[in-house]
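Accompanying notes for the structure given below.
Labels run A, B, C, D, E and F following the written order; every chain starts at residue 1.
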Amino acid sequence: MTAAPLAPELREKLRRAPVAALSAQLRRHGLDNVTIDGVRPLLPDRKVVGIARTLRFLPNREDLFHSHGRGYNAQKRAFDTVGEGEVLVIEARGEPGSGTLGDILALRAHARGAAAIVTDGGVRDIEAVTAVGIPVYAVGAHPAVLGRRHIPWDADLAIACGGATVVPGDIVVGDADGVIVIPPALAQEVADTALAQEDADAWIAEQVRAGHPVDGLFPMNATWRERYDAERARP
Amino acid sequence: MTAAPLAPELREKLRRAPVAALSAQLRRHGLDNVTIDGVRPLLPDRKVVGIARTLRFLPNREDLFHSHGRGYNAQKRAFDTVGEGEVLVIEARGEPGSGTLGDILALRAHARGAAAIVTDGGVRDIEAVTAVGIPVYAVGAHPAVLGRRHIPWDADLAIACGGATVVPGDIVVGDADGVIVIPPALAQEVADTALAQEDADAWIAEQVRAGHPVDGLFPMNATWRERYDAERARP
Amino acid sequence: MTAAPLAPELREKLRRAPVAALSAQLRRHGLDNVTIDGVRPLLPDRKVVGIARTLRFLPNREDLFHSHGRGYNAQKRAFDTVGEGEVLVIEARGEPGSGTLGDILALRAHARGAAAIVTDGGVRDIEAVTAVGIPVYAVGAHPAVLGRRHIPWDADLAIACGGATVVPGDIVVGDADGVIVIPPALAQEVADTALAQEDADAWIAEQVRAGHPVDGLFPMNATWRERYDAERARP
Amino acid sequence: MTAAPLAPELREKLRRAPVAALSAQLRRHGLDNVTIDGVRPLLPDRKVVGIARTLRFLPNREDLFHSHGRGYNAQKRAFDTVGEGEVLVIEARGEPGSGTLGDILALRAHARGAAAIVTDGGVRDIEAVTAVGIPVYAVGAHPAVLGRRHIPWDADLAIACGGATVVPGDIVVGDADGVIVIPPALAQEVADTALAQEDADAWIAEQVRAGHPVDGLFPMNATWRERYDAERARP
Amino acid sequence: MTAAPLAPELREKLRRAPVAALSAQLRRHGLDNVTIDGVRPLLPDRKVVGIARTLRFLPNREDLFHSHGRGYNAQKRAFDTVGEGEVLVIEARGEPGSGTLGDILALRAHARGAAAIVTDGGVRDIEAVTAVGIPVYAVGAHPAVLGRRHIPWDADLAIACGGATVVPGDIVVGDADGVIVIPPALAQEVADTALAQEDADAWIAEQVRAGHPVDGLFPMNATWRERYDAERARP
Amino acid sequence: MTAAPLAPELREKLRRAPVAALSAQLRRHGLDNVTIDGVRPLLPDRKVVGIARTLRFLPNREDLFHSHGRGYNAQKRAFDTVGEGEVLVIEARGEPGSGTLGDILALRAHARGAAAIVTDGGVRDIEAVTAVGIPVYAVGAHPAVLGRRHIPWDADLAIACGGATVVPGDIVVGDADGVIVIPPALAQEVADTALAQEDADAWIAEQVRAGHPVDGLFPMNATWRERYDAERARP
């Protein structure tokens, strides 16, 4: 199962829009619970944009680990089939006490062209995983293998990650501020308004840097808005 | 989907075996991660034995609540179809900030003959739910409706509840100590050895009450074991 | 400062409406963050309705405790001036490691006719406080005096308690499910619709008890609604 | 090793003094970190006074469990040797995920005349343990045996329990408010002043019940103090 | 409201004294609860010294957000009026789930000459805020706007931040170890003794580096003290 | 007390084996609870291998601090006697609210040739401690002296650190993934199999980098194993 790819133009817009700006626009649409919280980027300088694939772990239970945890399990199948431009999002219940991937699986996702991996569990071999070069968001490093805390169970269903629901096919965007989930139907509008707001905010920042108070300027009143529109209208 | 019912004799044995005794026997089989933790019984005097049915909630996400949260949703379908002698186990991610059932749904499960409800979320109308008479285990009371924190999503799949994995068809047993999940294939043996251990422990308790040290007695050495066997062998 | 008292008729309606029902109606008005979470009632059988008075504690800081913590401090002034029918709500930052009131202050509030005390801190002399008879909600018992964790600082300003903002003059309602804060302007409407919903829910409960599925009934479809209206219209 | 027993008169005074009153007096001596927090009494109506014996558990480590966890281990030796009037205090690191004692060990401590058991871990067979009649303070119920989370390691050394340091020979007092640790050298003075304060507080409570403000009365100013002294001086 | 500025000489001493050294001296004055915990510096190499200004957020409540959250609210007024050399300290209740400032407000504080911003909430646009160059301490990054978790409520009153009480006019000092609050009346003495202790500790460090045990040296006994005094007395 | 030193060859193998690889091998021996969790390295690039020495802190209790906390206490004695190649492991109960060592003690351990310091408490003077050059693992930075939260109590006994039991003489290995405790009797075998597994994993990583799926390769089936053995057998 590979979701419809992102149109290149939309992907490019999302790549330019900060996660903070996208978050503000989603809030205007009434969406407040769309951030994957408690994870941090191994490569904070890398912007992530992709389509969500999902993988679900359940708490380790010794009898089930024997049936589901070993060999070519759900985790490995997910990494072998993640597609170009996809973000593999893993439900690990916020559990920090084991790795949920290591360098070999990170390499596999990278080789498949995946855009990123997001897990609300830990990462093993954190230095090697970082060196692979695929952006990874995780709750931290832990040396233990998956089985200490988890059984890889199933994939391609809606999951909870970092307190947010992620549905396969959702758009996932990440930067140094964190990771956000965007319903596909809203992505175009949210990207456009976020970029417009970014432009206005950059202009406001210039005025503030020049010594203007935020009163009336942030948000802009009619006077400032007029001046902004005039400047932006210049050829 | 209704799982194979428990044989009456096995159900009766499990009803007599304390959860603590079953837990100790499961540990002998290498199963340590089988307790649903962080929940407490509304009716602590009631022993619970049943077959697991499952229901999964995901974190509230405003756009998905509109599509999945309203009307005859997954939650309501689960309560309308839970079977005689079944325990409805709900994955609510340990979130205390909303109810995950109220008195009407508790009544419905009770009317269907369900054995109990176990949720690692809250309960609304806790007095009314308690009055219904069906045993309920939950993390606490909260007045808010489900939608404050959750979207009812799907049912009849393996879930996480209170840190334990619960698979539909597992046997669920609860008492004042908590709730335990027993893989069906082990239930008969675990019930038998738990009851045998209970008998031995009751006899040990008598000796301790009479003033004997636990040294050599708990666990029993050969001398005490012999005496125990002799007493139990008497007509 | 004593807030305008509750009209007796409104107070009576709020006394009859469960907190869970009021919570559901507030949600319909877009208010989800109005519950004081993490507190439990010392007298779970007592319904609470009153007008909020507020008291704010800050973290103990040794130099400030000397200036603000002793003698006739903000805490004692608040208990000496809380009015008839008021609920004294205390900001204690969820800190369980000290008492925030004891039996003498509980007696004083009771003597003043206060409706209840809500604190997201601990209670000292929990048995004596319970015996006073004024409803108290708290995070638990702790033997230490206030000064172990707090400085009583000021009163009659908006505060945070149990994760909710409470403004003096808000209406506070509590029962076994917890405590809710109602903006005064919404109270009449919320009380009326909550009672109407309670009536409908009680009727639905009867049908469920009689064996009807919740499908179509909870919430009611047109057929059930018609039947309900007809029954309620009977003399 | 059995500590010097409490003098009967001191024991009686401590039995009459509420933990809250003792806590306030210890604070006057600069002792703020003497409460065992996060535990609750299985028998809230029972006052506890005794001399501390200690037992220390370490986190389960599979290789060490084999050498230290089985047979007549440190836990069982402690229960076999706890003395008349002693309180067995157990360091379980606040871990709720297993029992740290069950009914047989509770019976043994009871048969030895122990005053109470305090553990910042769980209790198995909570109903049976409660029925034994020895006061127990614990963080909650859990069905699992000790070995799920702990190795019984050693006894009769200073430990941490519920955030407080407990040294063998300390005096331990518990009631519904919680458990406090009193250095033996301070016990006599603290008990005397606590009882005196209790008497004064009871008299203050009477005045407050009669409608007096706490201003000037709690704490008492010279006028009230004079009146109090006069009344207490009456034959 | 702008507090009395720090005397340049005192400011310079505080700039040279490590927060750890100031903390040790405050403890000698009996002040243990003066650290703002749980925050980390965005610019760990930058020493911060300034006078506290305060800003208080309350939990988001939908009706109050409409009246207090929008336009030129308390947050924006605080950033527009923070003074030269002041540290804006924000009470955000330790809540990590939203930003409490972004780059435009950081720029404004920087343009006003503020010494730093300390918030026990999150930061949006963390890369842009870091680039502004004003030192910021926060609990982490979060992309969401303030309103997801907070209402900006009032300013210039005593607040709680990171578990410490901060009064407007307090002196705030921060470095890589964290942030400390110093009552103004103690600042001169604490700065002087901290610098003296730093000098002694640096000398002790030299001796330890040279292979001396800490026994007798740290803290210094009479012999070492004499040698230290002699060396420091040399021209 | 100085434990038997590590044989140089074993030390060298452990230095080359990643903690993640050692963890996986210990799990094969049934040891899952051997990681010191919740600590992070001040020098993440430095591999640590050494023999455990232990030091135990108890919660600050004001009367005991006077007798045990000052002068040449257990903490200072431990740093003065830690041996060449030893890792000083400190039990601080995960408490972040004070330092548990500063630069002078770090220098002393470094001068004694200690391999590292591991504490599940905080570090004071974090920049100076980092500059000393001895690897330190801690829960974070805090400016306060030890006595704010702890009393240094005793040394050279089994302790709990970061959720793991550490016995003096255990082998401690740390890298960017975290810290692991190895029972000495298993060290040789675990090091050998970990290095062998590392070699195999490196070869697997090459295949994955070349585009092979993990199916059949990770873990290796017979075909891949044969190819691997053949390549490794080449001169």
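The rule is simple: contacts are C-beta pairs under 8 Å (C-beta built on N, C-alpha and C of every residue); 3 or more make two chains touch, one makes a residue touch a chain.
Worth saying up front: this structure is predicted, and the values here are computed from it rather than measured.
S.K.: Give me the chains shared as neighbours by chain A and chain F.
M.R.: E
S.K.: Select the interface copy of A-F from among B-D, D-F or A-B: the correct pair shares over half of its contact pairs, counted by residue number.
M.R.: That interface is repeated by B-D.
S.K.: Counting shared numbers against all numbers at the contact of chain A and chain B, is it over half, same, or under half, different?
M.R.: On the two sides of the chain B and chain A interface, the residue numbers are mostly the same, over half being shared.
S.K.: So what's the Cα centroid distance for chain A and chain C, whole Å?
M.R.: That pair's centroid distance is 39 Å.
S.K.: Go ahead and note the Å separation of the Cα centroids belonging to chain A and chain D.
M.R.: Roughly 50 Å, centre to centre.
S.K.: Centroid from C-alpha atoms only, then distance chain E to chain F, rounded to Å. What do you get?
M.R.: Distance between chain centres, rounded to whole Å: 32 Å.
S.K.: Could you please state the distance in Å, as a whole number, between where the Cα atoms of chain C are centred and where those of chain E are centred?
M.R.: 36
S.K.: Which parts of chain C, given as residue numbers and ranges, touch two or more other chains?
M.R.: Only 32 qualify.
S.K.: What is the complete set of touching chain pairs?
M.R.: Pairs satisfying the touch definition: A-B, A-E, A-F, B-C, B-D, C-D, C-E, D-F, E-F.
S.K.: Chain B touches which residues of chain D in the complex?
M.R.: Listed in rising order, the residues are 71-72, 76-77, 79-80, 96-97, 99, 102-105, 107-108, 111, 124-128, 141-145, 147-148.
S.K.: Which residues of chain C touch chain E in the complex?
M.R.: Interface residues on chain C, with respect to chain E: 29-34, 58-64, 93, 151, 153-154, 157-160, 163-165, 167, 181, 183, 186.
S.K.: Spell out the part of chain B that touches chain D in their complex, as residue ranges.
M.R.: 18-20, 22-24, 27, 32, 35, 37, 44, 175-178, 180, 201, 204-205, 208-209, 211, 213-216, 218-219
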